[in-house]
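Here come two complexes built around subunit A, the first alongside subunit B, the second alongside subunit C.
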Partner chain A sequence: MTAQNQRVLSAAETGFVEAFAATHGKQSDGLSEARRAAMARFEAAGLPHRRIEEYHYTDLKAKLRSAIALSARAEVAAPGALGEVETQGRLVFVNGRFDAALSNVEALAGKISVSAWAEKAEAPAHDTAAFPRADALVDLNTAFVQGGATITVAGGEKLEKAVEIVHVAKGEGASFSRIDLVVEAGADVLVLESYQGDSGAYLRNTLTTLEVGDNAKLTWVKLQEEAESATHLASASANLGKGAELSQFLFDAGSGLSRSQFAVAFNGEGSNAALRGVSLLKGDSHADITLSVDHKVPECDSREYFKAIVDDKARSVFQGQILVKPDAQKTDGQMMVQSLLLSESAEVNVKPELEIFADDVQCAHGSTTGEIDEDLLFYLRARGIPEKEARKILILAFLGEVIDELDDARIGPLLTSRISNWLHV
Partner chain B sequence: MAAVQETIDHVKSIDVDQYKYGFVTDIESELAPKGLNEDIIRFISAKKDEPEWMLNWRLDAFQRWKTMEEPEWARVNYPKIDFEDLHYYAAPKTQEGPKSLDEVDPELLETYKKLGIPLSEQEVLAGIAPENRVAVDAVFDSVSVATTFKEELAKAGVIFCPISEAIREHPELVQKYLGSVVPVSDNFYATLNSAVFSDGSFVYIPEGVRCPMELSTYFRINERNTGQFERTLIIAEKGSYVSYLEGCTAPQRDENQLHAAVVELVAHEDAEIKYSTVQNWFPGDSEGKGGIYNFVTKRGDCRGANSKIAWTQVETGSAITWKYPSCILRGDNSVGEFYSIAISNGHQQVDSGTKMIHLGKNTSSRIISKGISAGVSQNTYRGQVSAHRKAKNARNFTQCDSLLIGDKCGAHTVPYIESKNATAVFEHEATTSKISDDQMFYCQARGLNEEEAVALIVNGFVRDVIQQLPMEFAVEAQKLINISLEGSVG
Partner chain C sequence: MLEIKNLHAEVEGNQILRGIDLTVKPGEVHAIMGPNGSGKSTLSYILAGKEDYEITEGSITYNGVDMLELSADERAVAGMFLAFQYPIEIPGVATMTFLKTALNAQRAARGEEELSTPDFMKLVREKSKDLKVTPEMLRRPLNVGFSGGEKKRAEILQMALLEPTLCILDETDSGLDIDALRIVSEGVNQLRSPERSMIVITHYQRLLDHIVPDVVHVLSKGKIVKTGGKELALELEANGYADYVGEEA
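For the complex of A and B:
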């Protein structure tokens, strides 16, 4: 315990502490108390390192070496369309701040209310109770958050077209943004979110809170396509009501260092959460997906299905936890994670965890790790397909299973074309 | 009135605190004073008549242990252990070392009889089925008091003796191998064991020898409040084979007892070691009071090419089990196996699993773990499978199944899968479920009562592992499973 008291702050930690003192040290706006409390927690605990179980494979203390300044406001050109998907309404954030000029929220009027807030405005309190424990990334976001929006989908509204949220980064600073999405009872919405940036060595920290009301449905597709030199640290939490349905898809293909953590809590019976995703890693990128699903109430189903392609010296981390509390009888929890290693020096670390305190449950997890099956490759080559092409076909088929399971015609083609683009670069 | 009495008797008979093997043998024993310091270590070392190097090894371990902290990562809860409040040495008082069974304290033999150890029946055993003979190196508390079959083993060149004897008689072997698999400062409990280990078994199988019989040690904790720190070292030279059985029971106690054993296995080229354990220490009473704390470090090193180490364990006892028998697959083409049945009932807490560390080429490992939780117990499988850069074509298959009996217990699975080699193929699957109503109905419709039905289904559930046990153990293990689950239904 003395070791903790004598802890020396790393350059990156000191950077955050000093940046906070400079920007928020003397403020007294509504957010300040929460900001200060979060900063105090961060200062005490520091960046998470490998001795912290949840960060065992992603040692942020070692990976974030130098201090990084806070990002400045920036002007960017309107980001292009995300792909062949029908959309209505768009929210654009530049360096963590809502950009009204690039956004189009009028189209949503009547069905969805958007209330964007800026750095100094009073930010709504957020509920991160779904997170299993205090987390440094969430604390950093709370301390520094530069802009955000509360998006509320009115009860009973069923929207066919996707609502777009585009986060753009420019320059080299650290950006902090937050989205609170409330889907009221009986509503149905598709949210397509994209993270992109220019080639700078920027850091992004985002926090997303999702409230899915009784019998509501949310499909949340996140495209993580940050610049290669970027660091992407995303935290999300979801609270599901009775009979609610959450379908999430993570396309994880950018940034040199990323951590996507998602905590889902079932608060009402008969609801369903499906978390899926693909990670495409090359170079020396490091991508971490950490999930926790909290079955608090009976009769909920959860499904986790993730696949990773790991090439070059890249490193893929998957940690998934299904927690079934004593009252959560009739739970069905299924988790599957499969990784394909394409290179000798690629690395995969997987920790699928089951924690079960109720007896009348069906829970299972599976994990496979390996390279492309030589027999399959031979089969295709014997039919005249060149090896390179054959490999692509097999990878596409491997990843395609997750998209097939998502079974959403609105976004399936967009995801498939992104994967094949990645393969052909 | 008779009916009431019958009910009382019945309830009593299935209560977990009616521990079948709960009795204290009244034998005079010699105790070291409570507490842990250099003097105690010198005392233990002197008692064992150890050479200087051994004492220094212990003292070095003690120095390191003082700087270490108790691990807290396992999913087990227990009151803090006061390491100063324990006896670190207890030995039954014997005037001279017994030369044959006739000289062994009859009370001791009686104890073994209660445990069902056929020590005094060795001639009978030998007469009936010579090929199935079992050599017993019985560890009564901390000192081996009777060693059998020594001669025949000696004929084959096998050394099977208490480790204290090996330290005196075969120092070159002990010095070469002790601590080479589990380093002195490996973990808190292993380091403690290195400092204060009392006794244990030493096995050396020379090159090309297939050990003529199964080797067996029965551990028993007998003296009140004595920590039992066993140290086992098994070395299988090139092309040799040995099967080692370890079975444990302990008398009923009020206070918790600490057991921190270290087992090291070394398999050279083409050698095979099969290590089987049946662990049935006192699990604590129906309120969770008492019971053994079992913090064990077991590790096997497949040092040579084509070597094989297989761990099989049936864990039904102890209040707390913290045990991860592991394999370091260093030699090319080496094989590691882990078969486990862990049953927790009452207030037991189990955090057990294995580690398969693939270092060599074409290494393969298999993990079959069956966890059964009943009562208010918590049962965790924690395992690691890793392939290092050079572990080309490493293979692993892991299957962890958990069965829940009752709605107040917990079953947890925490696997770590780490691959640094593209050619490594790892498969892992885990399931958690309860005994289905259909299965119960099917059995009960055929006239089995509820308890028999559960026992039958559970025995089916763990069959894959039972099959891996040597004959002598398989029967015992099956009985043990039924006893362990008594009182878990209804």
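For the complex of A and C:
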């Protein structure tokens, strides 16, 4: 045995290793090779801990204590509509597996092709370079992936209505799913994705790859509304072509522990990516948003704008890296993170990182952390608005700025009503 | 009726109000004048229920109710209104939405039915026309980007909508041009009634030509040092405060 392998595995790590041996150890599917390689990497590196830079504030080795079994197939009722958004077509995943009965992909025929699967035997051979850096969460996803879909929006198709992807969890157990979304040249699509579950202490690991072709536009809205006791571990990567446009919004309001990591690469000139989101945290939840933007080519714009409301003993972690490579002249990279602490025990960690190797660029980052402004609160109360209501108004106003900047009438109302609902609990 | 008795207040250990006695009966308009830093705004904030001050002695009752026991929003419901010397900007809160929320919050607290949106819109249109507050201003976030004079007019619009019984105007005239001064004064005068009391804080006799007070007080170093009729304001305009503030120094 090599020195590396003598590392003591934690209960959770051992759980994953043993679960793999029991399920994928001998059987084979389209992914067998990739699965085995990913598991070998995981076994060698283990769960990420605070001495791994990207996980400094989110020590998964310490946080994921006990072994968690793989989720079983489950049957659920058809999930309700996600809100006041016009949709066409829906993909439903239950415990990581595609559920054909609950889905409606026929509605997409002709414009969007969907190839979805739910069984190991059906697993296609994926591109294994799904994420730009070695990462244990991506390795676990590759090793265990239980279901997935490749969704291709045909070139030039402009679709006003949203395509829904709903991920439901039932019971305990770990689920692994993967979505590969290809938006071909000149197409325009809105994808509304929701993660939800019943009250179980389940774990979800997802991997999403996005290809936005030349002059194509993707609006990707993700509603992270997992059960309070759930763990949500999401990795996503995007590749943008020439003149492509990506607008992403993360509504980050569920699960006790979450990590949402997103890596964006600009591969074609003149494209732009706007990543925005709001995190609503209470209790002792921990939500980590880790972004990296790779400006490889000239004249691309990236904008990151996130706000967090942190109550009780919750903790919000934001890490944002902007990398501007030597060729990426005329890059515009802007990052802003603002947090509102609603309690003395709430905590926020913000780590911006700019690495700039080109000279003609405009890059900036800023962050603010504060409490509700007492003078604003007094003004509202002096007009007869009770304190609780006045606080809500100010929180909504604070978060509303991100939704205003998103400026998308199709999803603005949905996001605003999600926030109001959260505030009324 | 508002009764302030022997009111002492401090902030961070600094004594600012040093024994204020003031009674304002229904229908009366009292003007408070006095040098910069004498405690006029402090008094108005304390009346409105701002929590930054420590009341070390004295009492404030309004219509027999101990105001010091009430929070700012409860005082507003009890009929108090402060037009701020420096109205604050509240980004992200549309003026119209704010006005409706405030009005309906007060109505709900008083057990009255909420105003429907059409009824509310009609009311706002009516009142804002008189005060020359444009629909465009109402669509903007509260006070954001309003000029000094626009902010003051918006304060009086709020007062006209909420119909308080005790109006405290803290330097509502400062920053107003001649026309705006007239518009605002007319707005205030329209609200004068036998049930409504007003405390008008100002540095200038000019405002009191428009809003004619029943009583004029001089506040100096946290105390009322002189009380008189409306002619006191004229005398102050001519001679300054020297006669009243000297003895305290």
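We take it that the second predicted complex is superposed on the first by the 407 of 425 C-alpha atoms of A that agree within 3 Å, B and C clash if a C-alpha of one lies under 4 Å from a C-alpha of the other, contacts with A are read in each partner's own complex, and residues count from 1 in each chain.
We take it that a contact is a pair of C-beta atoms (placed from the backbone, for glycine too) under 8 Å apart; a residue touches a chain by one contact, two chains touch by 3 or more.
Quantities reported herein were computed from a predicted structural model and do not represent experimental measurements.
Asks: Overlay done on subunit A, so just call it for subunit B and subunit C: clash or fit.
Replies: Pair status: fit.
Asks: Counting touched residues of subunit A, say whether subunit B or subunit C comes out ahead.
Replies: B
Asks: Of the partners subunit B and subunit C, which touch A:53 in the superposed model: first, second, both, neither?
Replies: first
Asks: Could you say whether A:407 touches subunit B, subunit C, both of them, or neither, answering first, second, both or neither?
Replies: Neither partner.
Asks: Name the contact category of A:106: first (subunit B only), second (subunit C only), both, or neither.
Replies: neither
Asks: Tell me which partner A:366 touches in the superposition: subunit B (first), subunit C (second), both or neither.
Replies: A:366 sits against subunit B, while subunit C stays out of touch.
Asks: Please work out whether A:356 is in contact with subunit B alone, subunit C alone, both, or neither, and reply first, second, both or neither.
Replies: Only subunit B is touched by A:356; subunit C is not.
Asks: In the superposition described above, what is the shortest C-alpha distance between subunit B and subunit C in Å? Please give a whole number.
Replies: Distance of closest C-alpha approach: 14 Å.
Asks: Please report the subunit A residues shared by its interface with subunit B and its interface with subunit C.
Replies: Overlap of subunit B and subunit C footprints on subunit A: empty.
Asks: Spell out the part of subunit A that touches subunit B in their complex, as residue ranges.
Replies: So the residues of subunit A in touch with subunit B come to 53, 326, 329, 339, 341-371.
Asks: For the complex, give me every residue of subunit C touching subunit A.
Replies: Contact set of subunit C toward subunit A: 48-51, 71-73, 75-77, 81-82, 84, 87-88, 90-93, 98, 101-102, 105-106, 109, 141, 158, 162.
Asks: For a test of understanding, state which residues of subunit B touch subunit A in their complex under the given definition.
Replies: The touching residues are 73, 389, 402, 404-434.
Asks: Residues of subunit A touching subunit C in their complex?
Replies: 374-376, 378-387, 389-390, 393-394, 396-398, 400-401, 404
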